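Heads up, the next two complexes both have subunit A, just with different partners, subunit B and then subunit C.
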Partner chain A sequence: MLNYRRTLRWMLLPYLMGTVILIVIPAIVTLILAFTQYDLLSPPSWYGFNNFRDLAQFDDILPRAMLNSLLFVLLAVPLRILGALALALFLEHRRRGVGLYRTAVYLPTLIPDVAYALIWLWVFNPIYGPLNQVLEAIGIEGPGWLTDARFALPAIVLMSVFQIGEGFVVLLAGLHNIPRDYYDVAAVDGGTGWQKFRYITFPLLRPWLILLTLRDVLLTTQNTFTPAYIMTGGDPYYATMFLPLHIYKETFEDFRYGSGATMTVLMICGVSVILITVFVVLKGWRNQNAYD
Partner chain B sequence: MIFGDPAERAAYEALVTAFESEHPTIQVQLIHIPSQSDYRARIGADFAANTPSDVMLINYRRYAQFAARGVLEPLGDYLDRSPLIQTEDFYPEALEPFYWEGKLICIPQNLSSLVVYYNKNLFDAAGVSYPNNDWTWDDFLETAQRLTQDLDGDGNTDIYGLGTEVSIVRLAPFLWQNGGELTNTDFNPTVLTLDRSNEGLEALQWFIQLQTVHGVVPNAEAESAEDSESRFMNGRTAMYLNSRRGVPTYREITAFDWDVAPLPQGKQRAGVLHADAYCMPSMIDDKEAVWTFIEYANSPAGQTIVAQSGRTVPSLRAVAESPAFLDPNKKPLNSRVFLDVIPDLKFLPIMSTWVEIEEILTEELQLGFYNDPAPHDIALMMSFRTLEYFDPPQR
Partner chain C sequence: MRMIRRIRTISYHLAAILVSSVSVIAMIWVISASLRQPGLPPPPVIEWIPNPISWSNYQRAFELIPLGQYLLNSLLVIGMAIPLTLVTASWAGFAMAQFTQGTQNRLILLAIILLMIPVTSLWLARFVLFSRLGWIDTIWAIIAPAMMGSSPLFILLFYWTFRRIPKELYESAVLDGAMAIQIWRVIAMPLAKPTIVTVMVLTFILYWSDFISPLLYIKSTEKYTLSVGLQMLQQLDRSNWPLLMAASVVMITPIVLLFGLIQRYFWSEKGIFNNL
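Up next is the complex of A and B:
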């Protein structure tokens, strides 16, 4: 037993080292840099809380970037979770060809982010892209997806909704974990499909859904970087300027590591607030449910 | 370390090969970063890691942020000592922007300017005569209008008269031609003056209306569907504004014949300088070896190699006047226009925060170009939003 645990520890070691070197140490450095002025070219100097003051006073893009990121999370997370849930329910049972459909759902998740962004750049092309051509065929004049300020952010939400393979697989596994007996009993008692979902499937899937929602909040906050960087560069007029892209530009293009780090700290705080809120809401909801 | 398209990269590969055969003891490794913003990020990261490239090609609009922090070795003394090249061999218009606080920091390889590339076949097909050397803004607009065509009558423009990147560096020459000014001084300006003169606002309005009123330039949607440069190369844009940089790529065009014309003239003559220079970080060890390369690249032999690729308008007078640049068998036939405008060239302000200012100005200009607010509002927003970058607070 002791030996087994020791083996486990050794096996964990590479991951632990990776986490420390790639995540923990940079996070600590970032936290320290957030209180300095650092332009990469000369050594950092202590700046206290002035980065926060400067950002509040001068950075007119930051509020826009925060709002866009928040909006993105609020739109994308529910759509992604509901989408994964609906597809998992739909493709739960073994039938002819279901494997093919499951593969089709998972496939977009396997495409590397840059390639995925380039594919959608083509899909959204206002004149030559398939999306607008299909819309035109059914008599709708498609918008300039990535050039119209009203459509650019929703367009990026739309493309994120197709990369839900992981949530889909997790929920599929969750569904398979629910004992068949429950449904059989419900059927004997004359339960309808909706009642089965409402009183059996949903409560038993809830832990999975909470986990996925929390994970998705984290994921979608960061995953705006590649599409924004590759497809729009934050355009039109900051409509797709999300926090990660703004931080990248501030840090690596404008050489303001200090204030870039400050924004990163702000972003982490913001995401924490959302996570706690989501957690409290979902937890409260469970307690309330217990008395149904 | 260099930036640019694949066709440009080939020119520098040829330069390195020639250098190595002449100086077998010095090895050169070429680092190619295609995009300008990645290039800048790379330079910053390299400096932070104390491992900058020994030689960096940097545009004059971008070197001041490094010069201001003292990380570039001034090269004026090296040039004074050089037996191979002298200050007088260069066009002074190319050297001038690279003087930071009285010292020559980098050695420019070229001095290009904005010109009009035009598709001769489209001009012929529309029965429009080629631009001459003293055409005016009105001629320019009329030409663009006659070349803008909806071939199948479906209400969508199929061939655009004109294509341009929407940026300050494209707007600037028109601004100056109309008597406007972008900032109060050329070096370390303290204020943006675009909104302070009617001449400036007039030029801004004229530029924007090429799209919003006249529709001779693609709108935002059409531009995002296919950018103007690729439209030009595919034979569906008659005129395209660019510096000399496009030549190596355009020489690969086989489907139509093309040439260059000078910019149309406004109230006064003006063009905008494009120049990239070889810079040396001050923290590197073997400065003499690095100078040997920079010296070679800017010697007649080195500049000839890069000029033959079409990439540069050489900053050395002798090479610019030689067949390496004016080769009558290579496009563009009218290469001399690049030399004719040299006396009229002006440069964008030299200041450490210019890159950020330019980014904001371009963002506002694009908003105007594709959405048509009043020019005065655009200029006001430009001034307001860039305020913090002039005489910047300690950021």
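Up next is the complex of A and C:
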């Protein structure tokens, strides 16, 4: 029996080792490199807080990238979560054809990032792209989308709103976990659809929604990389320059691993601040609700 | 009464069909664009079915860049990543399911934290680490995450599956003197077939779609995977939309077909995600 327990621990080991090698050690390395100058050829040299100072003084793009990333999260996350919730509620019940509808909703999430970016690059093409052609057919003159500084970021938000399969699946599971009896009791008491949602579905779904929102903040900050890299390169006028792309350019195009690490640390701090804010707001909202 | 129900059913299906169409509309446009005869000027108004239908863009995409080679490279990555992932993830899930409740909860928390880690924050340090290990420009840099089961989600999927197997089944086998590995192989894994298939498909999709790892870690063009190859094609011919869309369809099709295999488990009430 003792032997058995020991073997079990060995079976967990690859996963834990992998976590240490691929996540814990890189996290520590990043934190150390943030205070050095490093080009990967010669050994890193200690630079103290100077990276932070240099970035604050000389990097004009960084504040723009931070602002864009923040704006993107603020626009995309609520839309994505509400979209996933609405679709999960709509396609919750078992009916004929529901599997097909769910698959259709999930499909855009399956598409590889590069192909997805290329597809939307074409959809957003100002002249030949299908989106503007459809708009024209109904009498609207579509904007230049990715070439127009006002529309480039909203365009990337728009394409991200189609990839909400993960939240959809999680919320479907959450809905299925709500015991049927609750609804039956509510039906006997003559509860309306809205009341059922307000007093049964929503409160029981809330932990899922909180977790999803937190994960989505993280996902959307990072998922800007491939669209920005493939579709716009950060243009026009840095309207789609997001933090991951800026870090990529600093690190892998300009070979400044030190200040790249510094930006990474700044990004993590920024994301943490957003996460904590979101968490506190969503929690507080729950306490407030408890009194009514 | 029956009339009202009828109308409700019909409007439900109409709404659902509308939602589904909006969701997949971009893909329909892509397929249609990929079948457009090369050389023709782009259509002035929206074109749902090209006239004439032409398959030559697909052929041309394979000629212009070694797409066939990249396809093989991608399949090689996947062929190595899937068995590795299956073993590490199912081992971890199997062990997790048999620890004390406290340990189980701590490991669930760990998996959730790992799911929350922004991967972009690890690029730089992983690159430094992999160059020290001599893994840059090798397949190891791409399949490294398979060491830890590729995704914490896969470990959770196996954990939920194995937790549902009655404890007595394991315990009687242990009393008979079976080793943990034997129990995993003979009892646990055969009972986890839907989960195995699901994790295999999801792993396939993960590595097939992975763009950032090959972009960062692979230097020689002959070692490129499909996703980087697709980006290379874009750089070669930026405005040849039929060609680019054809290559995109090549990249999307296998994934859609594979998802068809597991959608049953995905959407069933007893499905794998119902333990979340």
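Rule of thumb we're sticking to: the second predicted complex is superposed on the first by the 279 of 292 C-alpha atoms of A that agree within 3 Å, B and C clash if a C-alpha of one lies under 4 Å from a C-alpha of the other, contacts with A are read in each partner's own complex, and residues count from 1 in each chain.
The rule is simple: a residue touches a chain if its C-beta (ideal position, glycine included) is under 8 Å from a C-beta of that chain, and two chains touch if they have at least 3 such contacts.
The model shown is predicted, which means the values in this text are computed figures rather than measured ones.
K.L.:
Where does A:274 make contact in the superposed view: on subunit B (first), on subunit C (second), on both, or on neither?
P.N.:
Neither subunit B nor subunit C is touched by A:274.
K.L.:
Which partner chains sit in contact with A:90 here, subunit B, subunit C, both or neither? Use first/second/both/neither.
P.N.:
After superposition on chain A, A:90 lies in contact with subunit C alone.
K.L.:
Kindly classify A:252 by the partners it touches after superposition: subunit B alone (first), subunit C alone (second), both, or neither?
P.N.:
A:252 contacts both subunit B and subunit C.
K.L.:
Quick one: is A:40 in contact with subunit B, with subunit C, with both, or with neither? Answer first, second, both or neither.
P.N.:
Both partners.
K.L.:
Could you tell me if A:172 is touching subunit B, subunit C, both of them or neither one (first, second, both, neither)?
P.N.:
The second partner, subunit C, only.
K.L.:
Quick one: is A:104 in contact with subunit B, with subunit C, with both, or with neither? Answer first, second, both or neither.
P.N.:
second
K.L.:
Look at A:128 in the shared chain and tell me whether it touches subunit B only, subunit C only, both, or neither; answer first, second, both or neither.
P.N.:
In the superposition, A:128 contacts both subunit B and subunit C.
K.L.:
State whether A:237 touches subunit B only (first), subunit C only (second), both chains, or neither.
P.N.:
So A:237 only meets subunit B here.
K.L.:
See if subunit A has more residues touched by subunit B or by subunit C, and give me that chain.
P.N.:
Answer, by number of touched residues of subunit A: C.
K.L.:
So subunit A touches subunit B in one structure and subunit C in the other; where do those two contact lists coincide?
P.N.:
Shared contact residues on subunit A: 40, 125, 127-128, 252.
K.L.:
Subunit C touches which residues of subunit A in the complex?
P.N.:
1, 3-4, 7-9, 11-12, 14-15, 17-19, 21-23, 25-27, 29-30, 33, 40, 87, 90-91, 94-95, 97-108, 110-115, 118-120, 122-123, 125, 127-128, 130, 133-134, 136-137, 162, 169-170, 172-174, 176-177, 208, 211, 214-215, 218, 221-222, 225-226, 230, 243-244, 247-248, 251-252, 257, 260-261, 264, 267-268, 271
K.L.:
Subunit B touches which residues of subunit A in the complex?
P.N.:
Listed in rising order, the residues are 37, 39-42, 54, 58, 60, 125-129, 144, 146-148, 235-238, 252-256, 259.
K.L.:
Which part of subunit C faces subunit A closely enough to touch in the complex?
P.N.:
Listed in rising order, the residues of subunit C that touch subunit A are 12-13, 15-17, 19-21, 23-24, 26-27, 29-30, 33, 42-43, 45-46, 87-89, 91-92, 94-96, 98-99, 107, 110, 112, 114-129, 131, 144-145, 147-149, 155, 174, 179-181, 184, 205, 208-209, 211-212, 216, 227-228, 230-231, 234, 241, 244-245, 248, 251-252, 255-256, 259-260, 263-264, 266-267, 269, 273-276.
K.L.:
Within their complex, state which residues of subunit B touch subunit A.
P.N.:
Subunit B reaches subunit A through residues 37, 40-41, 44-45, 47-48, 65-66, 69, 71, 220-226, 355-356, 363, 366-367, 370, 385, 388, 393-395.
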